[in-house]
Amino acid sequence: MTLRCGGRMQMADGATGVEQGWDRASILALFDAEAGWLDRRVLSDQALYQLELERIFARGWNFMCHDSQIPNVGDYFINYIGEDQVICVRGEDGEVNVLLNTCRHRGNALCRAEQGAAKSFVCSYHGWNYALDGKLIGVPGQSSYFHGDLDRSQLGLVKAAQVDSYLGFWFATMAPDAPSLHDYLGDVGRTGIGMICSYGDVEVIDGIQKNVIDCNWKIAVDNLFDWYHVMYSHASAGSAGIFKPAEILHPNNQLVMLGEYGHAISGPGLPSERQTQIDLMSDEERIEASRSAPANSQRIRPRLGAELMGASGVRSMGHPNIFPNLWITLGGMQVCLRLPRGPSKTELWWFTIVPKDAPASYRKVAVWTAIHLFGPGGLLEQDDGENWSQSTRASVGFSSRQLGQTLKMGLGHDRVTVDEHGQRFIDTRINEHAQRWLYRSWTEWMAARDWAELRARHSPAPEGAV
Amino acid sequence: MSALEVAAEAATAPAPLSLAERALLQFEVEQFLYAEAALLDARRYRDWLALIAEDIHYWMPIRRTVTNSDIEREFTKVGDMAFFDDDRAMLEMRVKKLEAGSAWSEDPPSRSRHFVSNVRILDVAGDEITLEAAFHLYRTRLNTEVDSWIGRRTDVLRREGESFRIARRHLFLDQTLIRATNMSTLF
Amino acid sequence: MTLRCGGRMQMADGATGVEQGWDRASILALFDAEAGWLDRRVLSDQALYQLELERIFARGWNFMCHDSQIPNVGDYFINYIGEDQVICVRGEDGEVNVLLNTCRHRGNALCRAEQGAAKSFVCSYHGWNYALDGKLIGVPGQSSYFHGDLDRSQLGLVKAAQVDSYLGFWFATMAPDAPSLHDYLGDVGRTGIGMICSYGDVEVIDGIQKNVIDCNWKIAVDNLFDWYHVMYSHASAGSAGIFKPAEILHPNNQLVMLGEYGHAISGPGLPSERQTQIDLMSDEERIEASRSAPANSQRIRPRLGAELMGASGVRSMGHPNIFPNLWITLGGMQVCLRLPRGPSKTELWWFTIVPKDAPASYRKVAVWTAIHLFGPGGLLEQDDGENWSQSTRASVGFSSRQLGQTLKMGLGHDRVTVDEHGQRFIDTRINEHAQRWLYRSWTEWMAARDWAELRARHSPAPEGAV
Amino acid sequence: MSALEVAAEAATAPAPLSLAERALLQFEVEQFLYAEAALLDARRYRDWLALIAEDIHYWMPIRRTVTNSDIEREFTKVGDMAFFDDDRAMLEMRVKKLEAGSAWSEDPPSRSRHFVSNVRILDVAGDEITLEAAFHLYRTRLNTEVDSWIGRRTDVLRREGESFRIARRHLFLDQTLIRATNMSTLF
Amino acid sequence: MSALEVAAEAATAPAPLSLAERALLQFEVEQFLYAEAALLDARRYRDWLALIAEDIHYWMPIRRTVTNSDIEREFTKVGDMAFFDDDRAMLEMRVKKLEAGSAWSEDPPSRSRHFVSNVRILDVAGDEITLEAAFHLYRTRLNTEVDSWIGRRTDVLRREGESFRIARRHLFLDQTLIRATNMSTLF
Amino acid sequence: MTLRCGGRMQMADGATGVEQGWDRASILALFDAEAGWLDRRVLSDQALYQLELERIFARGWNFMCHDSQIPNVGDYFINYIGEDQVICVRGEDGEVNVLLNTCRHRGNALCRAEQGAAKSFVCSYHGWNYALDGKLIGVPGQSSYFHGDLDRSQLGLVKAAQVDSYLGFWFATMAPDAPSLHDYLGDVGRTGIGMICSYGDVEVIDGIQKNVIDCNWKIAVDNLFDWYHVMYSHASAGSAGIFKPAEILHPNNQLVMLGEYGHAISGPGLPSERQTQIDLMSDEERIEASRSAPANSQRIRPRLGAELMGASGVRSMGHPNIFPNLWITLGGMQVCLRLPRGPSKTELWWFTIVPKDAPASYRKVAVWTAIHLFGPGGLLEQDDGENWSQSTRASVGFSSRQLGQTLKMGLGHDRVTVDEHGQRFIDTRINEHAQRWLYRSWTEWMAARDWAELRARHSPAPEGAV
């Protein structure tokens, strides 16, 4: 199925932030990568937001769900591509289908539950019936009222243009010409997901926490790379004893990886020497060491870790983000989706993940950690939301929105290293490389009219000095 | 279930007590719950902690929008994910955080109001009283933020001298999507 | 009084749905009558909605109230023309005046009650006093503060450009050049109102139910023609026993009438043979038969029915809609107004109507039926709202709004018959003729810059194959 | 009306009862109302029906915004239009509809919370108790829909053995425009 | 403060009364408060005035969003600015205004609902009872205006014969910015 | 610091009120000063509102706070310039600094309390620390993470372009090229503030009442000049006895002063003969007479009154407004700010003021008066809000917004007198001169692209016939 092509209004000269359209040059000017300066309007402009839904979310690969959430034929989980609701359902063939949750008759939503199991999807309005792969298989009155001439083959549920999974994590894009998931993820994206699976096959624990914050989705993404705020924002969580900043932060051992199309990983990294020691341990020893403290940032991953994350990536104790909005945290024990709901509203969805074969004791600690650190009731997470909403709010006022954000930390002070396997990474201190990469990539996505242009004009993953 | 049975279930559960005894117990329990709520609303978190039993289970599972056919999965189960799944140590940690001079997200502090309604004592067993209530936790922050959390809760109170301690609080929110920046307020 | 002429922004090439203006061609392209394809943006686009307020609601004839609601001089009922609030008041001369409910001084609302009785309308701000016909009759300080030179004749309440009634039903338009109410209604509109009055003069029972649904007003209008959804949407109401689908639906005896400017009637129709039998009954017999089961769809109308509805129209047991938004239902026992409140919000107002001379027993059943089938607590109506709101919602997301709605039922399979009196109708099965006619007319209303253009370019009521 | 009369009306209506008797009756009645509310919130509609008297009048008239001079027309009268005007058969039909597998508009089902507040027993006559209360029916649906219906209600409870049946429920909403898609939830 | 002390403070304040006496007093007080609320909601302002003591202090200070370090300035003090700071004469004036045929801003009149919850008697001294409650005043106007004022209040009731008069009402709103066109409704 | 220059979209011919931009001619046409006709769209148009934030609020002098509210170093009070939040804080040097309340790092709000005392402003996100004058004095990790190369001198809190006080009342503007506060206020603005200080130095009583009304801010400003509505709107307050209209109104002794840039004073004025008598009284006698009835409109001011208000201005018992939004009322006992929060939302902030040396009894009566007349619970103020919100609402509907407001009272009937000291005033009856001046000035502010143009093209304060 072909989506109608939606062009963009030409930018009127001197148009105001509130009403204007945006051309390539004005979009690229929103972030000055050399100066580490970001135009605040990226957080509040309504036209930019609409463009994001089209050029970032409909075009990128969006995380849908994990294999374990929908194990059986007919199991489904509702998710979003931007603001478009989709059904992620296990088809008869065992594959996952991603279908726009809207009937082709009058548009009614097929599924209204957040999750469930279905034999087929029957519309509550007139009873059109769709198979698990979206095919329209039943239309009441098809022969009598429709005289048998309704072409059902043209009226199936709209499928995402591409659906694919990596290590059990399903993604979808509305763009037929998007790169394959494998290519899209690239080394950095795969390293990120690999982090989750370093201890083997995983499953999602029942219960996705969902809440809404009055902030732009990008400030939440910026924050996941931000190990600078931990000491100050989360001081009270530290003093309450829920985490020990010193054990977690390692400000002078930070490992950053920047991937094509905007993916990045940032945060503490084991020094290579420490990794070398770990490499000498047996898998059993490593797992034993890890499981004794799952919330601990000392990631002593089994051999599988290095296979999935690379020899350098495996050192990461930080935070991957799969562009645009999938954060991997707690060393892979949780992922958090940030779903856009308008320029100043974001839904956060928290998925908690454990290795399938993890002992009950590990699972218990994992759940405890996930609940008490993150999510709306988590002692860390409580501190973040209002900083994000207040930062978003300060991009609205007439004078305040003329200002920029400052993203200068480490700018020009670091180098990308390439290891013997070709994996690129930066060993450094606390920095803002990943955030700059996020916004640089974001402007390129936003400025490109289609995938051909994005492919042609996006920045390659950085080499050399950054 | 006949009307009589329902009524019986509703009105006579703690059987051995007379109507007057039950009414007095109800009064005691309600006054305790209101006093407890007032401590939280007055931000007297330490004093509130004093009402918490050593073995408390303070739990708020996640509610989901599910179909009727899937209704037994409406709430997550104990051991799966939740919004709160706290023991006393964890609650102490929450209070410690609120008391820390550096709890920026609660400075300026939130303003809360705990409405406790429809209190029903479901069981009296030894020194433990099981009750159910409807709650409405209303919170405002700054000049513009307004949150309402509404649902049902079941408490277990354990008699201790002239008063009670809270040995269980299970909170069943009505909302499936939390429409708030955080839940930094105690329920 | 002359309204300032409000032109429209020229459409920028490739403008987005959110911000763009709409030219004639792009409006007409929103509905493809040949293909039965409707652009979903008609349910969500903000600019289209603003244009509707101007080109549909301010320009069309809007239902105001029924004679019986305001029997005495000074009785008033508040209603709307689009989003403009109007006072419908019985004037000194017994005629109904329709006045914009806004003071000519600073604009304050004169009436704040929903209904009532007034001797005149005194503004609560500075006490300007308007007669029941809108004349400004009192201005405090007119001689002292205004030095006697305020020209009150220019400052009366703004009257609707035309106000007229048919069978006691009052309508108003803001367009001085609109056709007369009689011509506007045409055969189909008059047949619709005639249905209500087939048993003689009627009155509105006290109590207008009002509620708000998060849907576009047009999906609610579409639904009134939609006898296809009844079996599925309302299955539970059927199985609860509140109505018997079989007695009501008559899927193979459907009568459709399509009237100039968008009016239509659709739904079950008595077979002509059955009507021939009825024609042989006395009025007494017919009324007796009807009143024994007022909710029943078997409409055995007295002779007056055929006079008001025409020889073919009298067979209708279906749903007329007076374009744009007045639904006549339960065989004339209720009407429901759908008032626009933004692209995704509609107020529903339910009026319940009985013949003036109906016995108490009939009245009782009528009220019972109205309360328990329709309105927010009605067992049928409960099922509809969420289908409409979810259909509206699915016209917002970036990918979903690229899609169309499918309105193909019966397309190309039927013929318009003209009876000996010139009345046009279609005898057929369950179908979507009326919905297609609704949207075809809607595009013509929306594309025409003024009544002259609308008159010249609108489609005549269909003849021949449809 | 003097302060004394008002107070008298307020505090001493069911005259023959002693204060203690009245307090116990209040307890019984409140517990019944809370238990009833809990049945609805637990979606136990059949069990709820068992509490409904054969001759119930379950009625919610339409409220209108009117001027003070027209205030006696604020609510529609019995026999005119209403939002609910149900007898027991009609309530059974509502429950039957909710139980039908095909009640799509309630599948996923709504989540309700019935707050019953300010309960005042206005009259005790034979086995019938007339009471007034403030209600707040809070309903959420899906992840985004939130409705609140607030108002006053008068109930008549009829004593039956150890419990009561509801012989009348008249609901006086505060809103004049219903800000909800439907009222598919029982009050 | 130990758990025991808290509990003691919460549950035993008016020490000399037995549990049963306290329960009965609670019943009387609640019934009075509910009846009072019903008078306001029924717009019987004159009858309500009859419940007001001659020396009433009816006061609602201004709340501010302040930091923890400044928390003692959260509410304005008596004598500084307030939303209400009324004596009986002033309340009479408010009622007189509501009764005037020309109170356009209350014609059509508002519709109010006063929820009184979590009532706790804090002190009984002579004929005066000091209590604390959570309140929710819900007001709708026209077809579209909806306001909710939520907070804590402390009342002093003075026993007068079979009933009470209100000798103090101090209202502590939770909101710092009043999200309403006016406060033309009595609390 | 330089704000990015925000140009405006060119107006498309025939653009709709909802979407259009506005050029000079179309803005000037919004108010016809000769006819006393105001286009209602000034109350509802979203683009005009955005333009107001830029051209009125960011450019004008906005009232911030009074000296007495922040007596000590570090004391602060939060206020707004349009929708931009600012911190008004007493600096180390005793001067008041006005700082945009937004961190230069990610934009987070520094202060979240409404008032308080601070040693410096530490951001809750990453702990950047700003001095009371806005200087960035602390950046965690400045040497380690930022490698010492963050130029803190460029990253202080943005200061208002100009900050100045008159008689202890602090004002700020974002426009560096705005006239000085003294010149901006001119005679009329200074007379207004002088009214507050006529009895000597003043202080603000603790407790600023704040509430939100669903109205445009200008209808609230219009209302402060409006002595015409008092008799009717506030009739019930009068009959309840809270004020005696006759003692307050003096309909035939109205004194109006119109000042450059839109300031005005309007309301009752003492006849010159009465003032002449007062001039003979000693200061002690005058103060005694005033204090016996502080709410009373008979302003018997000491000599200082005439010094601050001028020989003619001192006669005013009316209402000054410092353009755009600072109302001075109760003879200087209260001021009320009207803060824009969208075209149809306004926050009202009430400040209550007494002479520093006022006896407790006076203070008590002042507080009583302020509470019971004004603010959301005040018996006068209760009556106003709904008139304003309904007037605003009636500027939205398609037909209603085509209409104008009528501001014709006294138009062409009065003369501006110039007294011996050059002070201009109008002695007249109840009138709408000030409102016309407000809107005339408003169109000039809105039409001028910058201060140079505004200076060059604004109307001088009227002379001769008005």
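Order as written gives the chain letters A, B, C, D, E and F; numbering starts at 1 within each chain.
Please note the rule applied: a contact is a pair of C-beta atoms (placed from the backbone, for glycine too) under 8 Å apart; a residue touches a chain by one contact, two chains touch by 3 or more.
Please read these numbers as outputs of a predicted model, since none were measured by experiment.
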{"item": "Same or different residue numbers at the chain C/chain F copy interface, by half rule", "value": "different"}
{"item": "Between A-D and E-F, the pair with more C-beta contacts", "value": "E-F"}
{"item": "Turning angle required so that chain A lies on chain F, C-alpha fit (0 to 180°, nearest 5)", "value": "120"}
{"item": "Chain A-chain E separation of Cα centroids, rounded to whole Å", "value": "50"}
{"item": "Interchain centroid distance [CA atoms averaged], chain D/chain E, Å", "value": "25"}
{"item": "Whole-Å gap separating chain C and chain D, where each centre is the average of the chain's CA atoms", "value": "35"}
{"item": "Residues of chain D engaged with two or more neighbouring chains", "value": "20, 23, 65-67, 101, 104-108, 115, 117, 141-143, 176-177, 179"}
{"item": "Shared-contact residues (touching 2 or more other chains) in chain F", "value": "19, 112-114, 124, 210, 233, 386-387"}
{"item": "Chain pairs in mutual contact under the definition given at the outset", "value": "A-B, A-C, A-D, A-F, B-D, B-E, B-F, C-D, C-E, C-F, D-E, E-F"}
{"item": "Interface residues, chain B side, partner chain A - complex", "value": "60-62, 64-67, 69-70, 73, 76-77, 79-86, 90, 93-94, 96-98, 100-106, 141, 176-184"}
{"item": "Residues of chain B touching chain D in the complex", "value": "1-12, 19-20, 22-23, 26, 63, 65-68, 71, 115, 117-120, 132, 134, 136, 150-152, 174-177, 179"}
{"item": "Touching residues (chain side chain C, partner chain D) in the complex", "value": "112-117, 205-214, 233, 235-237, 239-242, 347, 350, 352, 364, 367-368, 370-372, 375-377, 379, 381-387, 389"}
{"item": "Chain E-facing residues of chain C, complex", "value": "112-114, 124, 210"}
{"item": "Residues of chain C defined as touching chain A within the complex", "value": "12-20, 40, 43, 219, 222, 226, 228-229, 231-233, 251-252, 386-387, 390-400, 402-403, 405-406, 408-410, 413, 429-431"}
